[in-house]
Each structure stands twice: as structure tokens, then as C-alpha cells.
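There are structures below to look over.
What follows is subunit A paired twice: with subunit B in the first complex and subunit C in the second.
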Partner chain A sequence: MPTGWAPAILSAARQETATARTLQLSIADWPGHLAGQHLDVRLTAEDGYRAERSYSIASAPGGPVELTVQAVDDGEVSPFLVHDLAVGDTVEVRGPLGGWFVWRPTQLEPVLLVAGGSGLVPLMAMLRAHRQATASTPMRLLYSVRTPDDVLYRDELADAVLFHTRRAPEAGRPPRRLGAADLAQYGFPVDDRPTCYLCGPTAFVEHTAGLLVELGHAPARIRTERFG
Partner chain B sequence: MNVPTRGFHGRRRVDDQKLPPGQYLTRDFPVLSAGPTPAVAHETWEFSIISESGALHVWTWRDLTALPADDVTVDLHCVTRWSKLATPWQGVSLDTLLEPVETAADHALITSYGGYTTNLPLADLRGGQAWLAYRYDGEPLAAEHGGPVRLLVPHLYLWKSAKWVRRIELGDTDAPGFWETLGYHNYGDPWREQRYDGD
Partner chain C sequence: MTDRHRDANALAGPLADLFGGDVTAALAECAGCGRRDVIANLHLYDGGPGAVLRCASCQAVVLRYAITPHGTWLDVRGAAVLRL
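Our next item is the complex of A and B:
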């Protein structure tokens, strides 16, 4: 696991939505990461005051490290990272961290990814890693998002099933929550023994994990990560 | 190392002095679990302590709640960096539960309903430092926060306070638990910022 803090230079950035931004970091001696892992980010003010937060890595292993940060209303760190940090600026990072909520290309079972809001970020790393890998084990993504304006990585989600909870595109289904029938229809049969990765707000993850267990999926094959 | 980030000022708070290094204050109660929340009914809940000689001590829900309970107000520190101050709990001290247990063991391994495990020195469960908690803020403990009963060891990072606690095994050797084998610190003192292996 991690050594100490290392400087990381913002080498590129792109806005994903009005409130979410992807930060590409240049980190000397980066040891590489697994899809699903996160980083600790530390900001230090001129007077020495520090603030530290954890963010999921969005990029696949092998390439440059990218975080996608959702600005939290009234947040101390995330609005700064989304709105103020400029290319060329330095932060400090520690990681990669976390060894449970990860997907490795050597896994041969089908994989169901279920994302709520910005919980998509670590799952996107898995989806990207899966696309890079030569193994053809199936991986599916169900993505619950408030409105079309909140969708992250839109260009990469052609095969994903989206559920809009507040406002849907005019051509699509009306807004609704992801339910048990959706998990049965778009997920994998219990007999396929998929590994399920769930990430999102607590209420979403609690609800969805409960539905998967009711459908008969073994709790040991359901991995969760939550925020908020 | 201490590299400033251009333009960052941050937001100091009055309560910051009560926070261990690297933590920030939260007012809600975040939930972190590695898997689904297990459904554990009061009627079937059982808790046991197994000593190094194999002696088994078992409590049902009725047994536990018949024991004298403490009301404690403690600060919580999660390794994911949030801290929540002055949280009110009710539960039975591990001192009470360990009283009938004959042991000279140094180590404790906690196992939860759902299979989660965590380890800590037995000394950290004694001396008014640890409880089996079953009420939070005047209400029965919610399942997502570890109900019906969770371990509460607030002087260590919160992953040591195992939710849905089922069993404590006492032994002469240390057996790392779930997060302890995944790169997190074996002891986890927030004031010494023991987050990860090697800290």
C-alpha cells in the first residue's frame, strides 16, 4: 500500500457536467493502480492549514491518473478542485488505496456494475479496464442519474442502461427509480454467479443491494462503496 | 513534505481542534460497509465470546438487554476522513461481558453477521473503552449503522467498531481482520493517524 504523500501536478482537465470535472494528474513514480481504487488528496494553504479528502480514480490502469470530482454544495475541497484548480497547479496525493472494491482483468465471472450519480466514477475505471482487457467476460452497467444534464462520460455509455430519476430525455422513459425488475432484466441471472459492484449515495446502495439479495444473489458477491 | 496549493485557503472551524490529523467534521452520519446490510432479527441474534481455551459464553438479545447499560457520548473517526463529534449511544460495556470470561489472551478477533472481521488487542476492549451498543440517539440502532447490535470502540478508527457483531474470539496470536489484510493499519489509532499499513 501507499508510501507517503507525493506531489501531483494538474496536467489536464475537462468539465464533465456543470458541477463535475475530470482532473488528469501527473504523479512522479506512480506505482500503478487497480480499477476501483481511490486516492487521498491533500490541499495545503499558504499558512499551513490542510484539508484532505478521498476521490475515486476514473481512469483505467496503465494510463495517466484521472479523478472525476463532483462539487459538493458547501464543500471545502471539491468546489475548489472543480472550479479553481488550474492546469500546472500542484496538490499532494497518497495512494492508490483500497483493495476490496476493485476489478481485476483476471476475474472470469460476469460483472454487474450499478452506479448512482457520481458513484459511477470507480465503476467507470472498471468499465474502461474491461474494454482494454482481452478477456471477453461480460460486464454490464446500470446507471441511475437525476437528469440528462448530470450524465458523466456520456460518449462512453452507448451500451449502458440509464435510469433518470428526476427528469428524463423527452424521447425516453419517464423518470423512475431503478427497481428489482430492472436488475432482473438488465443484470445477470443468479445462476451465472456475477460479481456485483454498487457505488452511490447510501440510500441508493442500501436499496439496490437489498434488491439484489432478494433476487437471490449471494451477499458475498455484492461489493459496495458509498458516499454521503 | 508540505507543498502548498496555489489559491487554496480552506475553511477552518472552531471544532477543528477536537479533530485528529487529516479528519474533517461531518454533521450527518455516513454509512460505509463493504457489502449488503445483513438482516438480523432480535429474536435470533446471539453474541458469543470464545476464550483461548475454547470456553463459550453466549448472550441472547434478552440476556444482553437485561445487563446494566451505559449511556456514553463519544466522538467517531472514520478512516475515510470524516469525524462526527458527541454521538450518543447506549450499550453494555465489554468490561461487563468479559467479567465471567477466564482468559489470559492478548488478542481479540471480532466476527460480524455477514462475515466481516476485525482484530484488536483485548486490552482495548477493557477499561471502559468498548461497548456492545444497541441504541443510538435514543432510538434502536438502525440496521445500516450496525443494528441490532454493533461493537463501539471509539478510540480507534471506526472500522474497528464492527457492525452486526456476532462473536469475539480471544487468542494468543493476532489474526488480522478484513481491512487489516487489505492494507489498512493493524491498530488504527486516529490520533497517531494510523490509517494504512506502515503508518
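Our next item is the complex of A and C:
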């Protein structure tokens, strides 16, 4: 894995929701990535002030590198990336990073993905990699999201189970948090020994990891990524 | 201490620059309680000028890291063992 910073050119972009945007980056000598890894992005202002943040890679290995960035209201970096960075502009990146919160097509056990909000991004890379690998081992996604307007990658989520926490579609179940009964119903039995990947805000990940342990899942098979 | 930590996975970039490669899947043994876990699972507190990694079990400080005008500081006295 190369270390240090390298230039990345925004080669394409698409809006996912009103506040989330997918950035396709062109990076010279890109070594390839694993599903679940992230990139550090660094911006330098005209006065030399620098800010860096980590963003998960959304795309499957083998294709172009895509990050999906959710604009944080009082953020220093994300609003710029979502609203201002233009195709052709350059930022600096470091990565791919992280060798733990990753899924490899050689894994044979069932996989449960549990996403909270924009925590879906690295899990989407795993889901895409899984589809691309035509793996026979099952992978399921539970996705907790505030409102229907916040749903990322809607066209690819036909098989996912969505939980709306603030406002639900009229035809769907009323808004509520994801609970132990949901994990038992839509996840895998403990005896199947699934690996569980959880990503989202810290409180969501703590809550969900606790529920999985209470259901009997071994902490060693629960991998988490909390983004604060 | 507020519970605003993230996973040390988020520190993969700076740690890779320090160690010359990814260490988030490396094992660290907490000098406080003896728990062995991958570095990615340590709790990261980086709201201050540097970064602090704490044991997920006993919350003891395992690793501290800061970049200052005078150099890069790495304090790993809270780790009994690192297996890279």
C-alpha cells in the first residue's frame, strides 16, 4: 500500500440525495482497493490552511474509485465536496486505507450488513463486490435511514430491508428504530456464524452491536466502523 | 469522557505514514488489562491536537500520536505488545 498524498482529479459526479454526492476520482497508479476501505481526502486553502477527512469508498474493487460524501451542516470539508468541487478539480488523497473493516470474495461465511445513515457507503462497496463476484454465500443488508429522501443507492436496494427512523413511506411500516427482533428476523441465526459489519454513527453502532451480542453473536465476528 | 469516539480504523492513514504500511489489522495488547485486539477496534479520540487510542475493554490509553512543529510524537507505552 502506498503511503503519503497523491493528487486525485474529479472525473465525474452524481447527486445521490439533496445532501449526498458520489465523486468519481481519477488517481494515477491506483493500486486497487478492497470493499470496505476508505480514503483520506485533504483540502488546502489559498492561505495554506489544511483540513483532512476520511471517506469510505463506495465502488466495488476493480472499477473507478467512487466516494459518497454526506454534507455535514457545520462541516469544514464535506459541504465543499458535495456542493462546490467541480469536475476537473484536484484534491489530495491518501489510501486505500484499512485492512480490518473489509470483505473479501474468498470469505465463505454468511454476511450481515447493518447500516445507519451514510454508514451504508462502505457496506455498499461490499454488496457491489459480492454481486460482482457472483458469490454463492449469502449477504443481507439492513439499512436504517431517517426518511425516504435520505436513501442512498435506491435502485440497488431491492433486496435490502429498510428501517425509517423519522418519516416512513405511507405504505410502509411506521418509523422506528431497528430492534433485536428485526436483527433476529432479517439477520442470520447465530448457528450460521455470520460475520456482521456495522457502520454508522457511534450511538447507532454501539446500540446495534449490543443487540447482536445479546442475541448470541460472538463479538469477534462483529466488525464495526463508527464515524462519530 | 464523552462517548464521541470513533474506531481507530479512521486513523489508518496517519498510522500508515508512520509505520510504512497499514497497521489497522495488526494486534495490540493493552498494557492495562491484557486484552488483545486489532488496532482498528481501539477507540479513537481525536478532538484535541493529537489522537488518542484507548482500549475497547478497559479504556486505558494504548497509543498517543501528535504532529507538532517540532516533530511527530508517538507514545505506545500503553501497548504491551504490537504484532505487525
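The rule is short, and it goes like this: the second predicted complex is superposed on the first by the 226 of 228 C-alpha atoms of A that agree within 3 Å, B and C clash if a C-alpha of one lies under 4 Å from a C-alpha of the other, contacts with A are read in each partner's own complex, and residues count from 1 in each chain.
One rule holds for everything that comes next: contacts are C-beta pairs under 8 Å (C-beta built on N, C-alpha and C of every residue); 3 or more make two chains touch, one makes a residue touch a chain.
Computed from a prediction, not measured in an experiment: that's the story for all the values here.
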item	value
Clash or fit (per the criteria above) of subunit B with subunit C on subunit A	clash
Dominant toucher of subunit A (residue count), subunit B or subunit C	B
Subunit B versus subunit C as contact partner of A:G4, first or second or both or neither	both
Partner chain(s) touched by A:Y49 [first = subunit B, second = subunit C, both, neither]	first
First, second, both or neither for A:W100, with subunit B first and subunit C second	both
Touching partner for A:T224 - first (subunit B), second (subunit C), both, neither	both
Which superposed partner A:D89 touches (first subunit B, second subunit C, both, neither)	first
Partner chain in contact with A:A209 - subunit B first, subunit C second, else both or neither	first
Which superposed partner A:W30 touches (first subunit B, second subunit C, both, neither)	neither
Set of subunit A residues, in rising order, touched by both subunit B and subunit C	1, 3-4, 40, 52, 54, 97-101, 202, 206, 224, 226-228
For the subunit A and subunit B complex, residues of the former touching the latter	1-5, 7, 40, 42-46, 48-54, 76, 80, 84-86, 89-92, 97-101, 202, 206, 209-210, 212-213, 219-220, 222-224, 226-228
Touch list for subunit B against partner subunit A, complex	1-12, 22, 24, 28, 30-38, 80-81, 114-115, 144, 178-179, 182-183, 196-198
Subunit C residues within the subunit A interface of the complex	3-7, 9-10, 12-13, 16-17, 20-22, 24-25, 38-41
Subunit A residues within the subunit C interface of the complex	1, 3-4, 38, 40, 52, 54, 94-95, 97-101, 202-203, 206, 224-228
